[in-house]
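Shared between the two complexes below is chain A, which pairs with chain B and chain C, respectively.
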Partner chain A sequence: MVDSNQKDFRKRDLFYVVPLWFLALIVPDADDLYSYRRKEFKKREIYYLGALFVLPLIWSDPHFHHLMVLAGIYAILALGLSLFLGYAGQISLGHAAFFGIGAYTTAILTTRYAFPTFVAFWASAVTAACAAYLIGKPILKLKGYFLALATLGFGEIFLVIIRESTGLTGGVIGIFGIPWFSIAGFPFDTYLKQYYLTWGVLLGLFLYSKNLVRSKMGRAFLTVAASEDAASTVGINAAKIKIGVFVIGAAFAGFAGSLFACIMSTANPEAFSLNLSILIVMMVILGGMGNLYGPIFGAILLTWLIDILGKYQTWSLPIYGVILILLLIFFPDGIGTRLGMRLIYLISYWKKKKRRDRGKL
Partner chain B sequence: MSILIVEEITKEYDGLRALDRVSVKVEKGTIKGLIGPNGAGKSTLFHLISGIERPDSGTIYFKGKDITSLSSHEISSLGLSRTFQTVQTLENMTVVENIMVGMYLRLKGDFISSGLWFPWISRREKEALKEAKEILEFLGLLGRWKSPASQLPIGKQKLLELGRALALKPEFILLDEPASGLTPAEVEQLSERICELKKNGITFFIVEHLMGMVMEIADDVVVLDHGKLIAEGPPILVEKDPQVIAIYLKGKRGNA
Partner chain C sequence: MTSWSLIPQLLPSGITIGAIYALVALGFVTIIRASQIINFAQGEFVMLGGVITFFLLKGLNFPYPVAALVAIVIVMMVGFFLYVTVIYPLRKASILILLIATLGASIFLSNTSGLLFGTLPKALPPFSGERPLHIGGISIVPQSLWVLGTSFLLLFFLFFLSHRTLLGKAMEASSTDSLGADLLGISRNLMVFLAFGVSAGIGAIAGILITPIFFTSYNSGTLLGLKGFIAAVLGGWGKNSGAIIGGFVLGIVESLSIAFIPSGYKDGVAFAALLLILYLRPKGILGSPFIDSRRW
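Moving on to the complex of A and B:
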C-alpha cells in the first residue's frame, strides 16, 4: 500500500496539495460552523492575526493603509451591531448616532477643553453607552419593525440636534482641528500607525466579544433571539439582556467614533446620517450574522467596494446596488458563512477524489 | 406540605372565561396530572402559574410565597421551571448549549467579567459543560451533544426541553403536554425519566390532552372542562367518574 502511494506521487500534486493545506489552516472546518467548538479559540486565529500584522508592511501603499483604517473603524461598528442584531436578534437603524456621539464627545473634549485624546477615547465610549441606556430603556420594549422605526427616529433626532445646537457642535460646519490620537505622547500620525491603532482596538473588542459570546451571556443573547418565553423560564431577564447588548454595541460605536474623529480630524453631521446606519447593517448582514468574523469581513468588503466604485462616478451607485442584490441572492446567510462552507466542500471533494482515484488503480 | 397552591384563579379573554375560580394544590414530591379536552384552560393555567400571563383574580403561592404578581424570570429563579406545549427548542444553538442555557442563574458572570474571561468564569464554564453532558447522558442524548438542536427529531427535542428545565435544578417542573408527538417507546422512556426524577425529590405538574401517560405515572389527577374544575383525586377514581367519562365520550363523538 505504501509503495503504490509513493509510485502515485507526482510533482504536480504539490500544486494543489500545498495551497489546500494552507487553506485548511485558515478556513474553518465543517463541524465548526454549527457546533459548540466554534466559540473556542483556535490555532487558526493566530494565522489571521499574523496576516493582519504583516499585511500593511508587505503592501505599503498609503491608500491601502487608509482604506484599511476606515474598514477597521467600520468593523468595530459592525462588531458592536452584530452582537445586537446577529446574537440578540434585535434590529437597530440608529447605530450611526452612537458613532456620532462618540466622535463629537472626542471632538468637544479635545478641542474645547484640551483633554488628552486617550481620556477622550474612553469618555466617548462612556457617553455613547449612557445615551444608549437612556434611549434603550423605553425603546427596547418594542419589537421587529417598530424597533427598527424607533431607532431610525432616534438617529434622525440626533442629526437634528447636532445641526441645530451650533454653540456646542458647530452646527452643519462641524468641528475642525481635532488632534491626532496619542498615547503617552506617542502620536499616531501616519496611516500605518493608525492602521495598527484601529486594528489593535478592534482586536481588543473582538476578544471581548468572543469571550462574551462563549460565556453564559452569549447563550442568553441567543436565547432571547430565539424565544423570549423560553428565556424567561430559565430565569433570563430578556429586557435586561437586550439593554445590556444595546449599551455594549453603543460603547463599541463610541470607541469607533472617537478613533474616526481623531483620524479624520473633523466631525460634521453628514458623516453620521442614516446612510451610515444602513451601511453598518448591510455589513453585518452581508458578512454573516451569528459569527464574529462576518461583520469584520463585511466591513472590509463594503469599504473596498465603495472605494473601487468611486472610479465610475455617476455609475457607482447603480453598480453598487446590483452587486449588493447579487450578493444577497447568492450568499443569503452571509459571505463569511457561505464562502467558508464552499471551501470546506471543495477541500473534502479533493480528498474524496484522491481516494476514489486510488481505489480505481 | 403543599409546594404550590392556586387559589380561586380566574382569567378572561375578551369576555370568554378561560378559567373560572380554579383552585389546585400540589403536594411536594408528587406527580400531579391535569387533564381535560381541548380548550379546557389547561395551558392557560400553566401560563398563569409560570408568570407568562397574569390572572384577573385569585392568588398563586409557591413554597408559601405569593408569586401572582412576579414576572416570569423571577418565578423561575425561585425554582419553578417549565416546558412548552409547542416545543421551544433554541434552534440557533447546539444540543449541549440548549442545556447550558438552563444554568444561566447558577453560573457566575456578567457583561464585564464574562467579556474579560476572568479565571473563575473559565472554570465554571468547564464545570457547566461537564454537568450539561451528565444531564444529556441521563436523557440519552449524549451521542448528539455537538449537533445543532434543530436537527433532533421532535421527540428528542421534547426531552431536550426537559433537560433545559432540569439544568435550573428546580424543585418544581410544569410539563405542558410532554407526550404529544412522541412514539409509544419515547413516551415510555419519558415516563421512566420522570419517575426517576420524582425519586430525587422533584415535584411535577403535568398537562396531558389524552389520559394515557398521566394515568400511569400521576399520584393525583385534576380534570378541567371549560375553565372549571370538575374532578380531583387518584387516577383510578377519576377514571371512573361519570362526569369525566361523559366529557371524554362527548369529545370523541364530536371528533368523529
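Moving on to the complex of A and C:
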C-alpha cells in the first residue's frame, strides 16, 4: 500500500523546516524559475513587502512603531491559529496559553539561567510545541463546542498554574527584567529595530505557512476541515493531521511569546487570559478563514482598534464588545472576503457597462 | 490526617455552591433544549441578577421581595434583548461565530454593569437571619437551605415545562429537528426567544441566591458561566437532571479539593475535571440525548 517514505506527514519534517526556513529567505525556489508556479508570486506581494520596509522610516513616530511591533506579534499568533482554525477547521480558545508558555520559557531561561535570548527564542517554540503535543493527543478527538471548551479549560488551568507556582514564575506579579532580544551581541533595543525583528520573523513564518498550505499536508488540512470521514476514506490520518497542525500553531505562538517577553521585558499572567484567546480568534475570523493574509490584516486592524478605544478609558471595553458583535454580524466570513466579493461584483458591473456603452456608440 | 477531618465542614458549602452551578447549568440546558446554541453570556445573567437586586435594594430602597422580582424581570428583558440583537441576526452562522459573539456579549454586559453599578464587590443581606444552624457539629448558613430549596423548585418547574406543557414539547421539537418543527407550524425563532427569557430568569434567580453568601462583582460572571457549562457537560449534555447532578458533583469536588491541595488551585480543579470527563466519558454521567446520535 502506502510506502513509508510517502506518508503524508512525518515528525522529522518539523525538524527540517528550521534550516529550510532560513534558506527560503535567501535562495529562490528552484522550480520557480521555469514552472508556472512562478506566476503565483504576484506584484501585490512585492508592494506589501516594500510598504512594510519603508513605512516605519517615513512615519517615524515611536508610538506607531510600538503599535506595529504589537500588531506583528499578534499577527504571528493569528497566523499560527489560522492554520488550525481556518485551514484545518478546528476551534481553539486556548491559544493564549501557548503564547504564555513561550513567554515564560524565555523569561525563565534568560533571567534565571542567563541563556542568550536567541537560544531561548528557539527553546520557547520547542516547549510550546511539546506542550501542544501532550495536550493535543487527548483532546483533539473532540469536535465543535467541546473542543472549544476543552482548549479553553486548558488555558484556564495554565493561568492557575502560573499564578500559583510562585517559585518558578513569580505568581501574579510575574517576571521582570528580561533582556532585549539580541543576535550575536546586536541588541534590538529601539522600537524601530524591534519592528524589523518582529516583521522579519513574521515574514519567515509566513513563507513557511505559505509553502505548508500548498504541500501535501496543507491539502490534507482542507480535507480534514471539509469532512474527517471523507479524509480517512482517501487515506489521510485525520488524527495525525490535526495534531500536526496544532503543534505547528503552538510553535508559532511560542515564537510570538518569546518576542513578546523580550520586547515588553516582563511576563505576567494578566497578558495571557481568555480575552487574548478571543482576540486572536477574532483576528482570524475578521481576516477571513482559509487565507494567509487575512490574519495579518486582522491583527493590524484590531491592534489599532484597541489602541484607539484606549482613549475612551472606562468605556473602552463595552464599546469593544459592541464592535466585536457588529463586526461578526456584518462580516461573518471576514472583512476582506466580503469586500472582495463586492469589488468583483462592481468590476464586472463596470465592465458590462463599458461594453454596453461601446455597443451604443 | 487533619485534612480528612475538614471534610464534614466543607461538604455543606460544596453542596451550596453545587446548587448554584446546577442552576447555571440549567440555564444552558434550557437553551440547548430549544436549539443547538450555547450562550456563553449565561454567567453574566447570574451576575446581573445579584448586582441589579443590590442596586434596587440599596440605591432605590425597594423592599427585598419586590427588588428581587424586578431584578428577575429586568434580567429576562436583557435575555430577550440579547437574543434579538445578537443571536437572531447570527442564526445561520457557524458554531465559532456564535461562540465568539456570545463571548463578546459577555464582555459588553460585564463591563457595562461595572460602569453603571460600580466595580466594588456587592453582598446582599441573607433572606432569613445570619445565625448559622448547628446540626451534629456542622454549622450551616440558613441561606444554603434557601439555595437548595429554590433549585429543587426550579427543577420541578422546568420538568413540568418540558414534559407536561405544549410549549416545552414545542421547544424540544424545534431542537430535535428544526425543519420538521417548522412543517408542524412551530416557530423555531420564537422557541429560542422564549428559551433565552427562561434561562435568563433562572440565571437571575441564581444570582440573587448566591449574592448573600459569596460576593458578586462585575467580573465574577464569566467564571461562574464557565463552571455552569462544565457542570452541564459533566452531568450529561442536554439533560435537566444531568445539569443538577453535574452541578452538585462539581461543587462538592471543588470544595473538597481545598482539603488536599492549596486553595489557589481550586479553579483549576473544575477544568481538570472537565478534561477528564471529556476524555473518558464525553456524554457525561447520565448520558446525553445529543452526543451519541450526532457523534460529537
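As a convention for this text, the second predicted complex is superposed on the first by the 302 of 361 C-alpha atoms of A that agree within 3 Å, B and C clash if a C-alpha of one lies under 4 Å from a C-alpha of the other, contacts with A are read in each partner's own complex, and residues count from 1 in each chain.
Convention: contacts are C-beta pairs under 8 Å (C-beta built on N, C-alpha and C of every residue); 3 or more make two chains touch, one makes a residue touch a chain.
Owing to the predicted nature of the structure, the values given are computational and were not obtained by experimental measurement.
Colleague: For A:Pro138 in the superposed arrangement: first (chain B), second (chain C), both or neither?
Modeller: Only chain C is touched by A:Pro138; chain B is not.
Colleague: Counting only touches as set out at the top, which of chain B and chain C does A:Met217 meet: first, second, both, neither?
Modeller: The first partner, chain B, only.
Colleague: What is the contact status of A:Ala226 with respect to chain B (first) and chain C (second): first, second, both, or neither?
Modeller: first
Colleague: If we overlay the two complexes on their shared chain A, which of chain B and chain C does A:Phe186 touch? Say first, second, both or neither.
Modeller: Neither: A:Phe186 stays clear of chain B and chain C.
Colleague: Taking the superposition as given, does A:Ile278 touch the first partner, chain B, the second, chain C, both, or neither?
Modeller: The second partner, chain C, only.
Colleague: Hey, which residues of chain C end up touching chain A in the complex?
Modeller: 38, 85-86, 89-90, 93-97, 99-101, 103-109, 111-112, 115, 222, 226, 229-230, 233, 262, 264-265, 267-268, 271-272, 274-275, 278-279, 282, 296
Colleague: So in the complex, which bits of chain B are touching chain A?
Modeller: 50-52, 71-73, 76-77, 81-82, 84, 88, 90-94, 96-97, 100-105, 107, 109-111, 114-117, 121, 125, 128, 145-148, 164-165, 167-168
Colleague: Would you pull the chain A residues touching chain C in the complex into a rising list?
Modeller: So the residues of chain A touching chain C come out as 85, 91, 93, 138-139, 142-146, 148-150, 152-154, 156-157, 160-161, 163-164, 274-275, 278, 281-282, 285, 314-315, 317-318, 320-322, 324-325, 328-329, 332.
Colleague: Quick one: in the complex, what on chain A touches chain B?
Modeller: 31, 34-37, 208-209, 211-212, 214-220, 222-223, 225-227, 229-238, 244, 248, 290
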